[in-house]
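Here the chain labels run A, B, C and D in written order, and each chain numbers its own residues starting at 1.
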Amino acid sequence: MKPVCLVVGAGAGIGGHVARRFAREGYHAVLCRRSDQAGLDALVAQIKESGGQASGFLLNAVEPDAIEDTVGRVEAEVGPIEVALYNLGAQIGDRSLANTSYKAFELGWRMGTLGLFRLASALFPRMEERGRGTLLVTSATSAVRGNAGQHSHASAMGGRRMLCQSLNAEFAAKGVHVAHVIIDGAVDAPDTLGKMLGPEAFAKLRETRGMEHDGLMLPEKIADSYYHLAQQHRSAWTHEMDLRAFSDLAWWNH
Amino acid sequence: MKPVCLVVGAGAGIGGHVARRFAREGYHAVLCRRSDQAGLDALVAQIKESGGQASGFLLNAVEPDAIEDTVGRVEAEVGPIEVALYNLGAQIGDRSLANTSYKAFELGWRMGTLGLFRLASALFPRMEERGRGTLLVTSATSAVRGNAGQHSHASAMGGRRMLCQSLNAEFAAKGVHVAHVIIDGAVDAPDTLGKMLGPEAFAKLRETRGMEHDGLMLPEKIADSYYHLAQQHRSAWTHEMDLRAFSDLAWWNH
Amino acid sequence: MKPVCLVVGAGAGIGGHVARRFAREGYHAVLCRRSDQAGLDALVAQIKESGGQASGFLLNAVEPDAIEDTVGRVEAEVGPIEVALYNLGAQIGDRSLANTSYKAFELGWRMGTLGLFRLASALFPRMEERGRGTLLVTSATSAVRGNAGQHSHASAMGGRRMLCQSLNAEFAAKGVHVAHVIIDGAVDAPDTLGKMLGPEAFAKLRETRGMEHDGLMLPEKIADSYYHLAQQHRSAWTHEMDLRAFSDLAWWNH
Amino acid sequence: MKPVCLVVGAGAGIGGHVARRFAREGYHAVLCRRSDQAGLDALVAQIKESGGQASGFLLNAVEPDAIEDTVGRVEAEVGPIEVALYNLGAQIGDRSLANTSYKAFELGWRMGTLGLFRLASALFPRMEERGRGTLLVTSATSAVRGNAGQHSHASAMGGRRMLCQSLNAEFAAKGVHVAHVIIDGAVDAPDTLGKMLGPEAFAKLRETRGMEHDGLMLPEKIADSYYHLAQQHRSAWTHEMDLRAFSDLAWWNH
């Protein structure tokens, strides 16, 4: 039986490419996304056509029991989850304080922080019992500095980062590896960045930065580092790494 | 009319001493706490007996509209809030992941992060209109590193810290000063540390560390730095400072 | 006998204003600068005319024994040094790697890091014996992030910051307080910024940002926070604080 | 012709294993160390016996021109350096301020900071011209926090870290990748840790932590991450990552 890699937040960006990469390396990839059954099926089919194993689940991470039930179902129906990726973002675009409703602020936390806590609560007792497991967490620049317009996102991601540290402090010695990855730049992802910018602006951005200059972060290249993190020997684990395009300035240089 | 200093979370520790200190310096101190009307009245009376002005409100910060209504009432009945202190903690003691319920995790966020967001949402439009104001935020070591047992607290405080940065980024140039204060040690506070430890252990800790060695942080001395922060000229504002007892190691040296 | 405040790097900016402020509060201010005896005498005279006590020493901090001898002389001739400020910068302007000579890089370290180490080596045994003392250290954004063109400055300031931490770790419990102050913005200082920009550009900058908008950091206001740090009770010491003008973005928001 | 990987500081720990790993992957490994020609020859021979290419140079990094000449010679005699590893430590053991001589403090800087600056100065113009290259930098916990007894080491490593950031800020967009790796734990390295502890204590440490529990960081596993960093696609480069054994606490949790 193949080891299982569960991806929470699997679209056309990082999540989908991580699923594909782990499938290629011999994992059974379980892809979860909130909506778009057709898109999900296509991703799963694509992996299978390349000779990999994959399954897909629709999963609305803010619904009660959704994450917990999916973990249970995957463990029962597919197999023990060896690697999980929490890849849900909480970006709602730049909004002033006056334009950030309590509801938007809370949703940011539910996606950004609570969802990760729920995934760990459901998954870590199982990993602890097996004495092994990896939780990869996609994070953002907002986890390390709060910019104007980012009240919801920054507080959610700041919470996410500290949660990764507290989880690591409790579980690393039990064989469970938590890795917090700071994506410090724009990712070439049609589902998220593409939708946020609109098709024209995204096409233009891709043209000027993405193709010749690699100025957009290519999700299949990001997936290389995720795969590496999951393969690190336990005598040399990374808790945090940052990633950005070579042509971009690091957040502390902006 | 005296300038108003609003303290959200005014007990026998930092909050109460900050209220007292600002009252001594000519502010009208408004003390808010969740319960214990008698204790609140005593604090207010104490300030008045010393020749200061003070008012007290019971305020349950996790109830809908409680923070917002209090801000409105204070501005209407007492006067424009020049300085506010958000002094609510979110510490629930060391708890493993298995012993941290979703409810406890959410409560941590409501006290630690959302309450501050609500206070800023209610208060900053007024301060912005007046072109001035200060928001002091008591924070904790957990805002900068997540320890085992601190899942709820660390994620709440990590969110608090990033929120302070995003608020500062939007409002500093409008004359509103946000200062994030990292209390990196045990405070000699009967209401919080005293209750957590129990009377005997607290008395013993006080004896061994608090009196001769100043090993517990004295809240009236912490209040000195809070007062200083609120008096900084706008050409030289502090966004973040840490505080700890001289005899204690900084969190990064533990 | 008045307590002594030693200022290493006392010009028309932060250093001179800190000296003035401490003299006003009852310290004997000892001002040290590399050159310009006339300017030094004028600063000393100015303090005396205001009713304060002050002395001046020329001190080239990169010369062997210069710092050590000055500490010895001040302690012997003026009195025990209660507060010292290390206020020497190491900024050499933006220079590419190709334009940063080994000599320039080393000079940055001698001013930025070694000088502080030498001051602490000469001073801390005395402070430790007395069980009290404060070392204030002016630092810069470069201590927390390295920008292009800042190879010499950033590595010197990064070293300065870590040295402050290691000094604090050894000496705080012995009653010696080390405070690292991150000056995160342009200071309205004719001697340094003025010389770097030239008189015309400096006058223009002052006009557009300094006067009406307080957009330049006013050194006499910075001195308020330095004074506060030196007065903190030992139960609540600050190891690090940042300072910037309200109208400026924090370094992490640029 | 094989791409060249230059290792400055190649003993039986991280440096030697990185050389071996890159040789195995098709690089010509150039190993440099300060002394022990026999040990160096043995490492080179070992790599060759395994079918790899390797050369060895004795290199005293604190001698004038030693680093610069070696870079020139390697480029002329072996080939263009594609990857360089700066692996010189600056740890001199725990020493109080009183026991840290100026000479020791300066040597720390020469090994810890200046040597890296010299390597970059010699190497980066060549890499910039070729539009590609990687500089891996081994660093330590002391780069991010200063402990008691670490005055020399912490200030040297703090300078190293900021220098990596300023180098990255100037050179990343030119295709030169700088990666700063925080080794946050004890490495199973006979040459350094072994010598520091003495043979008996090292054997005991290995036994209790190293073998069954992987509690010592295994240098060949660390080398996996170094190799990964050097292979990252330029659309997703890491500037900083940390590494520690699973059973160890992160520095911020100690």
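We adopt the following convention: a contact is a pair of C-beta atoms (placed from the backbone, for glycine too) under 8 Å apart; a residue touches a chain by one contact, two chains touch by 3 or more.
Fair warning: this is a prediction, and the values are worked out from it, not measured in the lab.
K.L.:
Which chains contact both subunit B and subunit C?
P.N.:
Chains in contact with subunit B as well as subunit C: A, D.
K.L.:
Name whichever of B-D and A-D has more C-beta pairs touching across its two chains.
P.N.:
A-D
K.L.:
Using Cα averages as centroids, what's the distance between subunit C and subunit D in whole Å?
P.N.:
The computed centroid separation for subunit C versus subunit D comes out at 34 Å.
K.L.:
Find the geometric centre of each of subunit A and subunit D from their Cα atoms only, then give the gap between the two centres in Å, rounded to an integer.
P.N.:
A distance of 31 Å separates the two centres.
K.L.:
Using mean C-alpha positions as chain centres, tell me how far subunit B is from subunit D in Å, no decimals.
P.N.:
45
K.L.:
For subunit C, which residues are shared contacts with two or more other chains?
P.N.:
145, 147-148, 165, 168-169, 252-253
K.L.:
Would you identify the shape of the chain contact graph, picking one of line, ring, star, complete or other?
P.N.:
complete
K.L.:
Which residues, counting only subunit C, touch subunit B once they are in their complex?
P.N.:
165, 168-169, 172-173, 175, 177, 188, 214-218, 221-222, 224-225, 228, 231-247, 249-250, 252-253
K.L.:
Per the contact definition, I'd like the list of subunit A residues that touch subunit C in the complex.
P.N.:
Against subunit C, the touching part of subunit A is residues 144-145, 147-148, 251-254.
K.L.:
Across the complex, what residues on subunit D touch subunit C?
P.N.:
Going by the criterion above, the answer is residues 96-98, 100, 102, 105-106, 109, 113-114, 117-118, 120-121, 124-125, 142-143, 145-151, 154-171.
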